[in-house]
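Supplied in structure tokens, the structure appears directly below.
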Amino acid sequence: MDPLRVTVWNEWRHEQRDASVAAIYPDGIHGAIAGALREHSPGGVVVRCATLDEPDHGLPAEVLAATDVLVWWGHAAHDEVSDEVAERVQDHVLRGMGYVSLHSAALSKPTRRLLGTSCVLRWREADDRELLWAIAPSHPIARGVPPVVVIPRHEMYGEPFDIPEPDELVFISAFSGGEVFRSGCCYRRGAGRVFLFSPGHETDPIYAQPEIRLILANAVAWAAGERQLGPPPSLHNAPSGWFESGDAGG
Amino acid sequence: MDPLRVTVWNEWRHEQRDASVAAIYPDGIHGAIAGALREHSPGGVVVRCATLDEPDHGLPAEVLAATDVLVWWGHAAHDEVSDEVAERVQDHVLRGMGYVSLHSAALSKPTRRLLGTSCVLRWREADDRELLWAIAPSHPIARGVPPVVVIPRHEMYGEPFDIPEPDELVFISAFSGGEVFRSGCCYRRGAGRVFLFSPGHETDPIYAQPEIRLILANAVAWAAGERQLGPPPSLHNAPSGWFESGDAGG
Amino acid sequence: MDPLRVTVWNEWRHEQRDASVAAIYPDGIHGAIAGALREHSPGGVVVRCATLDEPDHGLPAEVLAATDVLVWWGHAAHDEVSDEVAERVQDHVLRGMGYVSLHSAALSKPTRRLLGTSCVLRWREADDRELLWAIAPSHPIARGVPPVVVIPRHEMYGEPFDIPEPDELVFISAFSGGEVFRSGCCYRRGAGRVFLFSPGHETDPIYAQPEIRLILANAVAWAAGERQLGPPPSLHNAPSGWFESGDAGG
Amino acid sequence: MDPLRVTVWNEWRHEQRDASVAAIYPDGIHGAIAGALREHSPGGVVVRCATLDEPDHGLPAEVLAATDVLVWWGHAAHDEVSDEVAERVQDHVLRGMGYVSLHSAALSKPTRRLLGTSCVLRWREADDRELLWAIAPSHPIARGVPPVVVIPRHEMYGEPFDIPEPDELVFISAFSGGEVFRSGCCYRRGAGRVFLFSPGHETDPIYAQPEIRLILANAVAWAAGERQLGPPPSLHNAPSGWFESGDAGG
């Protein structure tokens, strides 16, 4: 099988503005994610990166057309993403592209368009420890993942999380402050698969943690699904008996 | 309990342009729907109508704020609905307003925004008979509805229908041409309930049919849910221990 | 509307054997639950209690036939429940009776039969504090319930919890030891509604806590659904054209 | 990857009693299914067959322990399947074995145990044509399957079908008599995947039809999931801090 084609999108702002973030992610958050995917992809993976400040945010139609799975990390600049690109991402997901929405990207334009809800949540930047529980241990995204992943320090994301009921709930997190969060949520939208994964605050080295890197790779492999990009969704007019000819291609 | 407050929105274009539609719906499609709701609402209902060509399409914020359930019928002019009003509808659904999307309104801006998919489908205007099967006969929306409702003549809507997996699937239709369609689909979005119901082509007197009128009333009663309009969804910052005081109002 | 008819089933063993449990529940766990339902039922409720050691465990067919919602508390004697009564409960749920499964009743015969899974979980009797989060605050079962209910001390139930994906997930709990649990889960089975609610260990006065009492009453009201007990499910032979006569009663 | 290990279980009664069925399935229904799997399994498949009248119905524990996916065809003798074997099948599914339930096996003991409902339906043996619509064309089970598969003549199975809401609904069928049926339903139960597929009446050569053979192979590949048979589900006692040591194996 051909190597999986993954595009990792990152705002790439925190790393350039804030030395403490740059120290954690010298190659950008996208660089760390790309490294995790390469590390865990036995079948091979071709990773491209794209960032907010590139033309078309690095996501012209030809890039998405050659992408099996798009990973999205955004936080401080959701509003700077153009509606056009957000719609393009949504359209490609409906046509079959996988989409992995990380951390604060729950609030990004593409994620909100795909889910239809506000995706707001409770949050706190403090010294919480996050415990990430694999509640569906037989799910492909939890393959090889221990029953609980301890993230020593992380921003708290807490319920209620305004999302549709997930098609499959894979992870629930508990924070030392007491809150809980649905931290790993699967959806099917059109021909595409969507995974929301909440770990990934920029000031904590989450994407260096081995279990998290494995989950990222599993998530991308799952979201790839059938790796078939169909035509844009469209209304079909179907005359009576269209399928009777034995040529039910329509 | 106070009477249910329903707003019926209609494009109101076909009835004004096409004498054959006006003959079927002399009071507009909205008038027929309003009549069905009044006929079947033992607890009482206050119905307001709103149409495309009014200012704000008849749906300024104060109208939606006083609406328990919004019924939406649109077909030929989805693009003329402003993004602002579509977003306003979506926001009110997330805050708890019910929403019933009829027939071609699957393709309307509010419905697509709430579901996140294209909602495209196969269609045919011909002489199909539609059989509407109540596959969840114990669902409140099927209360009093016979196992199958025969719609003598109706536009065909066929699968694949590009929608998320419904939270509850209540009706499936079969057409004499052979196609099938998920014709009654329930979703929860934020604090609101959404019901998609496909019958209602403008050239067939669907909304005069007794069983369909009952279903409309049942759907509105179901979609009303808790009848609580919450505040707009927003991010909450929650300091450590915010709930420890015994005043967990946040 | 007629008062809701609720049957509260309890093993009633701990209270008789263990003075410390009897001190918490002098009228039995069933008595405390019955009290909670009466306290919160504005529309009126008629509560009957039934226990393991009665003939037919207090649940002959005529009792279930007159029950809108059955509440089940069991813990130490699941195996002593006869298969016949477990099947009878299942059959009545499929016909439309509501069913609320409390605490360790997740492992009871009726609950396992209805869900199809083992319902096993992680557990610990220690000094955990449980935080019960209403993740679906607009759900009828969460009506009037604060965002988080603090249970000062409770047995820990932790994931993975071997249940089917809930149709609606209403509560998630966090324990001070770090574990999480899907503590309030809704299912539809046949014409009946099922709610699993995990709080209720016999050595902690859970059912005296006001918020928990409110949740019990909300759960029973929700599980009542349409309050229609249909005939036993059966295969229907349907001759061609059976519904064409206009008498689609079948 | 090792070849998939599939066990095809068949009552094998109709073929031995009824010459017209034997003429359609000279190698038994199990033989036809096995042939379909071999024909469409590029990765290789090892098929074993098992039948009702063998000791333990051909399904002793060691056979199930070496089975990635069990395919079940039953019709006339559901009651002759021992509870012990039905429970064994259920247990193995919860541990990770895939399970494909064909045609009337919806009413078999293992299927009913896994779903928790009666699985009853409307039926008719007549001259209906069945149209099998792929409503989720991007699902792995629909891979390569045309939008509609025409089954020239088949027993009618009609709604309401007493099953839990499927986790993923892949096929809906329409019959020329007018009925509809959810004919391809996916469930997750424990670590296992379950697929119900309704085509397969013994007097029609359904399993010789190329599209159906492809669907069978796709279904088995999907149901195989992670191909990991875990230990029997059991309650875990977890002392406080069990995962703190960094050895979160439990």
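In this document, chain identifiers A, B, C and D correspond to the written order of the chains, with residue numbering beginning at 1 in each.
Simple rule for what comes next: a residue touches a chain if its C-beta (ideal position, glycine included) is under 8 Å from a C-beta of that chain, and two chains touch if they have at least 3 such contacts.
Keep in mind that this is a model prediction, so the values were computed, not measured.
Asks: With centres defined by CA atoms only, which chain is the most remote from subunit D?
Replies: Between subunit D and the rest, the longest centre separation is with B.
Asks: Please state whether C-D or B-D has more C-beta contact pairs across its interface.
Replies: C-D
Asks: Where the centres are mean C-alpha positions, what is the separation of subunit B from subunit D, in Å?
Replies: 37
Asks: Centre to centre, by mean C-alpha position, how many angstrom separate subunit C and subunit D?
Replies: 31
Asks: Spell out, as numbers or ranges, the residues of subunit B touching 2 or more other chains.
Replies: 131, 137, 147-148, 158, 165, 167-168, 178-179, 188, 190, 243
Asks: List the residues on subunit D that touch subunit C in their complex, please.
Replies: It is residues 90, 94, 107, 113-118, 120-124, 126, 128, 156, 158, 162, 164-165, 167, 177-179, 187-190, 233-241, 243 of subunit D that touch subunit C.
Asks: Of all residues in subunit D, which touch subunit B in the complex?
Replies: Per the touch definition, subunit D meets subunit B at residues 131, 133-137, 147-148, 158-161, 165, 167-169, 172-175, 178-180, 182.
Asks: Please output the residues of subunit D touching subunit A within their complex, sorted ascending.
Replies: Touch residues, subunit D against subunit A: 96, 131, 137-138, 140, 143, 146-150, 167-168, 188, 190-192, 225-226, 228, 230, 243, 246, 248-250.
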